[in-house]
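Quick one: the structure is below, questions incoming.
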Amino acid sequence: MDIFLAAGSSLFLLIGSFLCLSGGLGLLRFPDFYTRMHAVGVTETLATAMILIGLMLQSPDALVLLKLMVILIMTLFISPTASHALAHAALQNNLVPKLNKQNDNEEVTPSNP
Amino acid sequence: MGHYNYWIVVVLMMIGFYIVIAHGNLIKKIIGLGIFQTSVFILYISMANVEGGTAPILAEGISRYSNPLPHVLILTAIVVGIATTALGLALAIRIKQAYGTIEEEEIQKKDNLDC
Amino acid sequence: MLIAAILAVFIVMVIAIVRGFMGPTLYDRILAVNMFGTKTVLLISLLGFMMGRPEFLDIAIVYALINFISVVGVLRYSDSSVFKHHNKQK
Amino acid sequence: MLHTFTLALSLSVFWLINSGHNSVLMLSLAALSITFVLYLAHRMDVVDHESQPVHLTRKLPGYYAWLIKEIILSNILVVKHIWLGNQSISPTLSTIKASQKTDIGKVIYANSITMTPGTITIKLEGDQFLVHALLRESIDDLKKGEMDRRVTQLEDQC
Amino acid sequence: MIISLESMLQLSIILPLLAMLAIVSTGRNPNLRETVSISTSLVVIYFVFNLYLGIKQGENIQVDWWELLPGLQISFNIEPLGMIFALIASFLWLITTVYSIGYMRSHKEQNQTRFYACFAIAIGSVMGIAFSANLFTLFIFYEVLTLSTYPLVTHAGTEDAKRGGRIYLGILLGTSIVFFLLAIISTWFVAGSLDFKPGGVFDPNVNTTVAGVILVLFIFGIGKAAIMPFHRWLPAAMVAPTPVSALLHAVAVVKAGVFTVLKVCVFIFGLDLLAILPSTQFLLYLAGASVLLASLVAMRQDNLKARLAYSTVSQLGYVTIGALLATSAGVIGSSMHIGMHAFGKITLFFCAGAILVAAHKSKISEMQGLGRQMPITMAAFFLASLSIIGVPPAGGTWSKWYLLMGSMEAEQWILMAVLMISSLLNIAYLLPIPFRAFFPARGMPVTDTGIKEAPLPSLIALSITAVGCVILFVYPQPLYELARAILDAPGLAYGK
Amino acid sequence: MLAHLPVLQVIVPLLAAPLCLFLTRSRLVWVFALAVSALAFLISCLLLQQVMSSGTIIYELGGWEAPWGIEYRIDPLNALLLLIITGISTIVLLAAHTSIQQEIPEERHTFFYILYLLSLAGMLGIVATGDAFNVFVFLEISSLSGYALIALGKDRRALWAAYQYLIMGTIGATFILIGIGLMYQMTGTLNMEDLSKRLPEVEHTRTVFTAYAFIIVGICLKLALFPLHLWLPNAYAYAPSIVTAFFAATATKVAIYLLIRFTFSVFGLTFSFTALPLQILFLTLGLLGIFAASTAAIYQKNVKHLFAYSSIAQIGYMIVGFSVSTTTGLMATLLHLFNHALMKSALFLALAAVVYRIGSVQLSQFHGLGRQMPFTMAAIVIGGLSLIGVPLTVGFVSKWYLIMAVIENGWWPVAVLILLGSLLAVVYVWRLVEAAYFKPPLPGRDTIKEAPLSLLIPVWILVIANIYFGIDTRLSVQVTQAASMSLFGVSP
């Protein structure tokens, strides 16, 4: 049983690490603020979840498990709030997103507050 | 490199101090102040380290801990630091409302006009 | 595998700092700083497990809470013109 | 009263998880602090169905399961495009109509959009959501309205 | 009602201060206000006279109020020198009050209540100075005197008056805080006591350099003695109304200055120590220079009050010289000169005021021929001038004689010459005024301008002081006896 | 109960502060705060009496023995400071209700009293505690509430002044924190008594020297020692008048206390004065402070500014006394600390009365006030005379001892300089007197009346204290002498 837990934990941690690094890459290479937010979203949802689940599989007792779950839930609750507010503030202050040129004509352009 | 912790402390302290002195923006000054304070927290915490000791949280099977007292002290100091930052930011906002700016030079200019 | 995860999180944190320096807008910096904070929570948790001190999770929770409060704190004023000023400077 | 109870319960659980102690002194301190928080919450007038959406409890797990699936899929999609590079993405800004009636329903919908990587709700005005997406297809998916329907269904339960 | 001498001593200080309150509260009714002034001064004279009789009978009158710091007491004691000062001051306060009533009313001055109130405080502090048993007590009253006379100097309220007031206050407070206080603290530090003691408080083997420096600090610090170069306040204070000038130049302020110098020389240093201090000689020459220079400056003044002011600077130099000579004749001469000069100079100022009130003239060049219209005033002026110069039949003769004796005794030939030359200069700047008044230069049109003598109270006042000058010549005995008793143990052995 | 006085001294105002929240009406809060402050004053009186009769009081917080627990330690120096702080606080509070009605909006009154009590508790804590880290905590409690109090000022410049003070104050406090940390590192203790025993063993190390330097610089910032005084004038000038009166009399005094405590008790006299060239440094800075600040005071147009600069100058006097480092010198410093608290609280409280009536403290607005507000202006004049050091006021007593101390050391030129400094005080005080008494009232000012009794009574209590303690010096001299001697380890 232990060996399965350890293997599962490693797998989750590995996936989490990969997602995390991917998000980091996106943060570096995406063209503007709004697109970078999506990359960060990766690191804050699935990547975090994978790493924390990996740890949960290693947890020595129930309390630790519960704590890890608390952290996970908190992260999942906080990050969309933060992302939304940040994006809102950015748009509010006239930070114009770089949009796909093909779609420009048919899409809504942000109205100034 | 034997005392690398001190070097970190000193560098952070200098950075913080420099920001406080050199920047005219009130928010940046507060950030500088935060860095300055944090450097001292690091000083205390690194000083509490005991060779081979782990974090001073009581647990079974562990006999060697870092000195807990500085940690406790710094917890207090952090609270104080947060209170300072909060008050500083609140003041900055009130200043912004009253002066219309948070740049030191402009505030001083407006004060001189008042006189 | 723990070490690999720690490394990955650490690298992402470095990337966050890089993005924080590069900007170019204020929002990029806030985004980077915020991400740095959430990754710190992960890092603390991972380090706790690596050092055999799952008690560190308490710290991680506190850190997550502080993160949340600071985000709310910053956003509380995100509408105020404090930010506008910076935007213009860019 | 129900809301007070659920709040007390969740606070107690949170306290127990964090503390791990169960001596009489500690527990009475816990009771004291929870009572104090409840008092404050009442004073601030935040104990209501908005902060404690207990009425959604029955249907919520099913929705969460679906949402987790969506999150996993969208994560994979975004990661794929991160590695494919900037040529592969098509950032889009678009307005989406929400069919929820209550505030809490709209918030759940907006947050669900934001939680799935690749899309972010930027602004809520009435039933119009301004959404930024990494890919054009994500917007199209949203416009198909499956998520909207599920959230509205959630809302209908009460 | 029997009042003990101790109580009289305290009352003579406290009464004027209480009178100040009464004056302020009766300010609305000028007649009542001035009745308060005059009756208080009468009571004070009564007390002082009784005290005089007391010490004549050999009573030792000592009052201790309280100890401010360990060894630093506020206490009072009467010895002959203080008695001289108290007698002169209390008597001349009465006269000046009478004179002021005539002067102030006919001039329709503003703020008369403030004037009389400050006047009362000034006299109270003069009494305090006269009866101080130690330097500390004296210093307190010295400062009170400065502060209470400031509103008098700036009485007119004009910019000129304020400028004069600033110089007055600046120099007096400045010298007293920087030098006088330092000298007092140094004395306390070196000698361990501030009490006025016959023979001085310093150890006979004290380091003469240190004691010499302290003496210099004292002489510079007692700005009210107006030794050059700290004399500027006196001419600056000329802007004050004439009764104030009388008070400043004859009664209260300058006399408090030279009195303090004498007290310090005799009772802090002691004549024996004083004679061997290296700085005494330097200070003597400084005082001599002050005497001569001030006389020379006085000659060039056309404004009568300015001329009198510089004359005062010069005469104060005489007193200082007498004290520094460190001989018994010098001390006798200088303490008598306090009284003689007081009577002479107050008369001269009263005359100047009378001329200003009656003839609206302040320039000497305009006073030719005035003797016809104001014969009493000009006669008084003449008598007082004689007293200042030091020739019979005026009291100044005696004091100047003893001063000359003192300088001879000390073999200070140069100073002796200075004193004599200065007396000649006195003649040159004082006598021509009454002379030209009665015998105007040829070519001066003598027209009847309708000028009459000054109001009666003023006229009475100046006549009394002028007669006083003569009486002091004829009957100097009481003053002389007091002066002689100074060098004996104070309060004791007097009259034996 | 009596045995718990040391801790009650701090706890009472500290706990009372949040209780203010439950009192709804401004007047009620005021009465409560006043009662608390008066109780604190009573406690400090009892403590002083206890210390003077039976020596140092040691109180172990929660029964934990030092150096493990926190120890409260009251010796004559502490008792004197506690007495000054609580006494001034009480009298100033007496006037608070009337004064803040004009200067602070009604809805912030409760807030004001909470901050006031917190600040009071902080200062009392700094003085009462025997634990170095506790000093830092209480320092921050009093400072933080202080910044907020200053920011309550009417003028928008109050905000800017509070901000600047916050920056400087925090840097100072952090410096102190660094010093305390380094001391702890070298000795493993935070108890000041313990520190003083263990520091000599390691006093040759660079770390101890660094600790000392940080602490001194930190304290000097809080102290507003020239040239680190830049935060003070505006903070004093734009704070609500009551706050100025309270702080001018107490805040810098507490910093002086810390300076004395750390140099004399913790580090020890020999180390302190050899590690840094403290004597020449403080003598120079003290004298420079006296002259620079007094000269600046002469040119001020705002009377609060004027007295603020005068405060910086007076700090110079205290520092000169400190630099003499003899029992007399220290006694002079302590005496001046006591006396200056009386002077400045009287002066600033009188200014509060002026603000109450004419809403301004510009010198040009003082014309003719001597007639219109005779009792207020008389109070200012007497306070000014005390500042100059005229005999029969407290100012004379401290200057006397200061000059004695300087002369004892043979520093004659310094004595002359100190006296010359007093002359500058004459000039700035006299500018005020001239304006109030020798200038005609401004047009349209005929209706100005004397300040209400609720302001005049506290002002005159302080003025009479200025005279009373200038005449009856037994209390102040005895206590400061005992304090100074115990600091030098001389038995009285």
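Letters A, B, C, D, E and F mark the chains as written, and numbering starts fresh at 1 in each.
Here, a residue touches a chain if its C-beta (ideal position, glycine included) is under 8 Å from a C-beta of that chain, and two chains touch if they have at least 3 such contacts.
In this text the structure is predicted, and so the values were computed from the model without any measurement.
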Q. Among the remaining chains, which ones contact both chain A and chain B?
A. C
Q: Just tell me the minimum hop count from chain A to chain F, counting one hop per pair of touching chains.
A: 3
Q) Can you list the groups of chains that still touch once chain A is no longer counted? A) B, C, E, F | D
Q: Would you mind telling me which chain pair, B-C or B-F, is linked by more contacting C-beta pairs?
A: B-F
Q: Averaged over CA atoms, how far is the centre of chain A from the centre of chain E? Could you give it in whole Å?
A: 96
Q: Just give me the whole-number Å value for how far the CA centre of chain C lies from that of chain D.
A: 21
Q) Which whole number of Å gives the spacing of the CA centres of chain E and chain F? A) 45
Q) Could you say which residues in chain A touch two or more other chains, in rising order? A) 23, 25, 37, 67, 70, 79, 81, 88
Q.
Give the residues of chain D touching no fewer than two other chains, as numbers and ranges.
A. 18
Q) Linking chains that touch, what shape results: line, ring, star, complete or other? A) line
Q | Every chain pair in contact, whichever chains are involved | A | A-C, A-D, B-C, B-F, E-F
**Q.** Residues on chain C engaged by chain A in the complex (per definition of touch)
**A.** 1-2, 4-5, 7-9, 11-12, 15-16, 18-19, 25, 27-28, 30-32, 34-35, 38-39, 41-42, 45-46, 49, 54, 57-58, 60-61, 64-65, 67-68, 71-72, 75, 78-79, 83-84, 87
Q: Sort out for me which residues of chain A touch chain C in the complex.
A: 9-10, 13-14, 16-18, 20-21, 23-25, 27-28, 33, 36-37, 40, 43-44, 48, 51-52, 54-55, 58-60, 64, 67-68, 70-71, 74-75, 78-79, 81-82, 85-86, 88-90, 92-95
Q. Can you list the chain B residues touching chain F in their complex?
A. 17, 20, 26, 29, 33, 36-37, 40, 43-44, 47, 69-70, 73, 76-77, 80, 83-84, 87-88, 91-92, 94-95, 98-99, 107, 111, 114
Q. Taking the complex as given, what residues does chain C use to touch chain B?
A. 51, 53, 55-56, 58, 77, 80-82, 85
(Q) For a test of understanding, state which residues of chain F touch chain B in their complex under the given definition. (A) 133, 136-137, 140, 144, 147-148, 151, 156-157, 159-160, 162-163, 166-167, 170-171, 174, 177-178, 181, 184-185, 190
